[in-house]
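In the two assemblies presented below, chain A is common to both, partnered first by chain B and then by chain C.
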Partner chain A sequence: MKRQLHAITVGALCVLGTYCPAGLVSAAENENDRVTALEQKLDRSLKLIEQLTARVKELEAQRAGTAASAQNVPPAPPAESSPQIQQRLDSVEQQLTQITDSNAARGGGGAGVPLHGFADIGIGNHTANEPGLQGANVGALDMYLNPQLGEHTRALFELTFEVDQQGQVAPDLERAQIGYQFSDAATVWIGRFHTPFGYYNTAFHHGQQIATSLRRPRFILFEDQGGVMPNHTVGAWFTGAEPLTDGKATYDLFVGNGQAISDGEIDPRSGGVDHGGAIYGGNLGYVFGETLNGLKMGVSAFRSKITNDQPYVNFTRVDNVGVYFAYDTDRFEHIGEYYRFSDSGLTPVGPTHKSSAGFLQLAWRLPIATPYARYERAALNQSDTYFAAQTEGMSYYRDAVGLRFDIDLKSALKFELGHTKNTDRLVQEWNDVLMDYAIRF
Partner chain B sequence: MQPKFRRWMVSLVLLAASSTAMADELYVVCHEGVSLDAADVRDVFLGEKQFLNTTRLIPVDNLAAQPAFLEKVLKMDAVRYTNSWVKKSFRYGINPPAAMANDAAVLEFIRHTPGGCGYLGTAPQNSINVVGKY
Partner chain C sequence: MTLHAQSASAAHPVRMRCAALIALLLPLLVGAVGEPAAPGVGPLLDRLPPSWRDDRGKTLQLPQLLGARIFITMAYTTCHRVCPVTMKRLEQVQRELDALGTSGEFLIVSYDPSNDDPAAWRRYRVSHHLFRENWHFLTGTPADTERLARLLGFEFWHYDEHVMHDYRIVALGDDGALRGAIDSSHGTWRDLL
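Moving on to the complex of A and B:
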């Protein structure tokens, strides 16, 4: 009896991961098999524990001289007879869930490509990016895939479904990148990617849940939301990082199709260009090490030959230089960016127009919530055909304060109070009271 | 409660307690031939360093020892660790470390995976390539 009990206990402990003699551990070759095996072991261990509990009851009954037979003793649930075992089982169940989630996220093995995504719903006296609308609005359903293709090949696809001003659902292949990673210092991507200017545009994408704030700075909004920067480029992107003494240097070089302005919005020309224009540029950054851990600073620049859809097509050369910093730690997330435009008319030939835009966002990660504040300003020259052709290409300033609550690891509730004023073209101002519930899966 | 049964229950509790105590020591281990310094270990598990020369590094998490690892090595909590990987996955198309249940699973993985790295809550055998002890 003693030997049997010992064997049962050792078996249970082995499954629980607490104690296991060498030779009893059977490791599966791949992770999916291992998860399945663990689940089966968990089932077996539950049965063993129930049997063990019943057997102990039986022994106790016999020793006490009772006439009750073992068959008449109902197996008590483990939680009643052994809280420690139940606690361990709960822990194992939790670990199995984590393993399943984690391995699904990793996407290894032959179980197919895992689908990840983001979604959000907003409510407010205006919608976040359309001051002419109010009430509840569907933000976006954003799905992305990053399959593991081998040691060096990488891929990332992001498909977004958004609701436009008319309430129509519009699918958009926001990113479609295939890349080859030579080393940590060099990866080349081709396809449609986020143009690597500044920090925000490559750090935050369409999934609103991972962004601290409720909405992007207005001038960096995506093209179809009214942003005035060429957020997406279709072409090639060479990127990497090189460790230095205390930190590392990061770089980006890119070239792609020159954008066009169509129906008042910037069009990245994902299907190719018919005018031969191109965008090219780069970004050079420095990520500090121990000394100022969490701080990144850098400069970026791009030049693009952009057309519009006027009867007499205008070609504008857009030159942009920017500086930025981001301080991202356990306690803080501070981001600042400033850009200068020097745009020249090529056809017809025109003067150079200067414009600028920038923002500063400060956020504090507190235990119960993350309050943030942001100021943004864009002074856009209305004589510049690049801005004049864009529906939302007017100057403005906006100040906002907000609060982000992380409900759990995968969902966040955000509130924002904002004041926006358009300072030219159509001068107007309004206050926002916004709420957004954002999730990822 | 009968003395023998009580003895068994005490054994159970002691075994569980001993496993917790053993988790105080943390060993970062890698497949043979992989050599990392302390700064590299952090970078590997945060996705900042993915190659050692031409070898692709494949980190795995050990759920049994993860709280200690996050506290001692990465110096961040689980929420920030998870969020960090979500952002990296979304930004750069890389995937987070696979999760292993315990030391035995990690050892099995790194033995068979070139470039594999993990961490253990108990001291491994001498034949295992230990690249850091915390």
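Moving on to the complex of A and C:
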């Protein structure tokens, strides 16, 4: 009998040893509800101990062959728990398997803001955007942060490291946007964003891997690469989409700092303006539904008051109107854009100058590769201060054919043969043979 | 007396084992007899967000699919590089199931609920010739979409209007438990069968 009591005492002490430290900690934390819960657990534990003690007695009685003892022993409920234990163990095992599999698939992430981005390396008889250089060149390392902040607040940051013509690495905060999404129909962003003109500038960003072609159309290259459009705006942007009967309307309105031209390049004035100029504009598009599925068409316009860094600062009012289409399906990606400029000198007052630029790109998505062809043309009035002040503000045309191979889902190898001719300011022409290896991560 | 001493001696190890067993299993026993199941326990199907809208505009309750083999992927209607590959793989699985004389439910869940309404999915069905009744093109709330993606291991991120994602298919058994998963780096579609 003493040994029975000893065994029961050992069991009870083990049980209490399991639960008491937690109870003490809870008490120390003054969490009354937890203490109550633990007391309930302890009560259940004691009941179980009593039941199990009875079971032990029953077993002893059976082994000793004393039927009289067995008559006083109540039924043994723990035996009923065995299937439940097994079921619970199976369930825990299954849960662990599922969690392990899911976590492995996610790469064990889950904490902090995931860092994504793009990178590319090029080789050619010229570099993609600088005909005066040749050989291998580092394209860009593009870091993209898209933190999940809540139900309505949105944010994105795109930090790019590029190598300039002198071979120096230059970091550039290409986009820095914080926004509030009221609904699918209305999101307001503030910060530095891609100016919503046409289609290409807001469909393809700095990550070259997502673009079918090896390089952007020359006149909508980013500002520091020689583009002549104000690709970035620092200000506020209202954007959204509204479903219609057969399709969807998309709309954008924006206002921001008027750009400046500094050292021959357009400067979005991310730190603010000192001359009070502003850019404002909008974009209205229609995405077709049942009929012409995959087609988007639209118009865009902006007006900007742009300064330059000449000793006697010139103000130019740039008026731009554009039309565009994109036909994007599993088999085709065709894009066309056309823009008209009507720029007027404000200080000093000058005449209005007309210019135009546009491109047409046709691509076929085949199982093994995506061949594409593109023609682009810019006729830029050299009497227009806006273009004259830009290093790459000359007229040109370019035709190109290319091939994109998707090596896997995250990397693409692109080849392009191109012919470019500058048709004013400094007339010259050259042929490109280019290769680019682009990845995302 | 001798008999009693032998009995007690034989019972001692039994009692000690019982005492040790009580101590080891009590946490499990307490949970099993008195408390509700902890969150996360149960077949994977039961833990997925249950309610989704299909391409006919009707609500599909995932628990109703218990008892059927289920193949789940995520896609979006304006994806033209990765998702077509995923659909081809699903069609291969469907053909194999047909050849084996077995059935399954195919769930294609949108990565992009703000754009992929039922009408968009209907157009997708038509343009991709995916007319089988057991293929369900689903859209949920952004929160449910994120939760399902997390539970099933679909990693994706938004690059403006692009959804950056990989190819992945998850298979559940007729008990709703995880049966297998394949992606661009692991496994082939035959592993799902």
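The rule is simple: the second predicted complex is superposed on the first by the 331 of 441 C-alpha atoms of A that agree within 3 Å, B and C clash if a C-alpha of one lies under 4 Å from a C-alpha of the other, contacts with A are read in each partner's own complex, and residues count from 1 in each chain.
To be clear about the criterion, a residue touches a chain if its C-beta (ideal position, glycine included) is under 8 Å from a C-beta of that chain, and two chains touch if they have at least 3 such contacts.
Since the structure is predicted, the reported quantities are computational estimates derived from the model, not experimental observations.
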First (chain B), second (chain C), both or neither touched by A:Q84: both
Which of chain B and chain C A:Q166 touches, first, second, both or neither: neither
Contacts of A:T291 with chain B and chain C, given as first, second, both or neither: neither
Which superposed partner A:A155 touches (first chain B, second chain C, both, neither): first
First, second, both or neither for A:E333, with chain B first and chain C second: second
Partner chain(s) touched by A:G179 [first = chain B, second = chain C, both, neither]: first
Touched partner set for A:I210, first chain B, second chain C, both or neither: both
Touching partner for A:Y144 - first (chain B), second (chain C), both, neither: both
Common ground on chain A, meaning residues reached by chain C in one complex and by chain B in the other: 17-18, 56, 59-60, 63, 84-85, 88, 92, 95, 98-99, 101-103, 105-107, 116, 144, 146, 156, 184, 202-203, 205, 207, 210, 241, 248, 330, 406, 409, 440
Residue ranges of chain B in contact with chain A within the complex: 2, 4-5, 8-9, 11-13, 15-16, 18-19, 48-51, 56, 61, 63-64, 76-77, 79-80, 82-83, 85-87, 89-102, 104-105, 108-109, 112
Residues of chain C touching chain A in the complex: 3-4, 7-8, 10-12, 14-16, 18-20, 22-23, 25-34, 37, 40-44, 78, 80-82, 84, 114-115, 117, 119, 123, 127-128, 150-155, 157-162, 164, 166-168, 177-178, 181, 183-184
Touching residues (chain side chain A, partner chain B) in the complex: 2, 5, 9, 13, 17-20, 25, 27, 29, 31, 34, 38, 56, 59-60, 63, 82, 84-85, 88, 92, 95-96, 98-99, 101-103, 105-108, 116, 144, 146, 148, 151-152, 154-156, 177, 179, 181, 183-184, 202-203, 205, 207, 210, 241, 248, 330, 406, 409, 440
Chain A to chain C touching residues, read off their complex: 3-4, 7-8, 10-11, 14-15, 17-18, 40-41, 44-45, 48-49, 52, 55-56, 59-60, 63-64, 78, 81, 84-85, 87-89, 91-92, 94-95, 97-99, 101-107, 109, 114, 116, 144, 146, 156, 184, 202-203, 205, 207, 210, 241, 243, 248, 289-290, 293, 328-330, 333, 365, 406, 408-410, 440
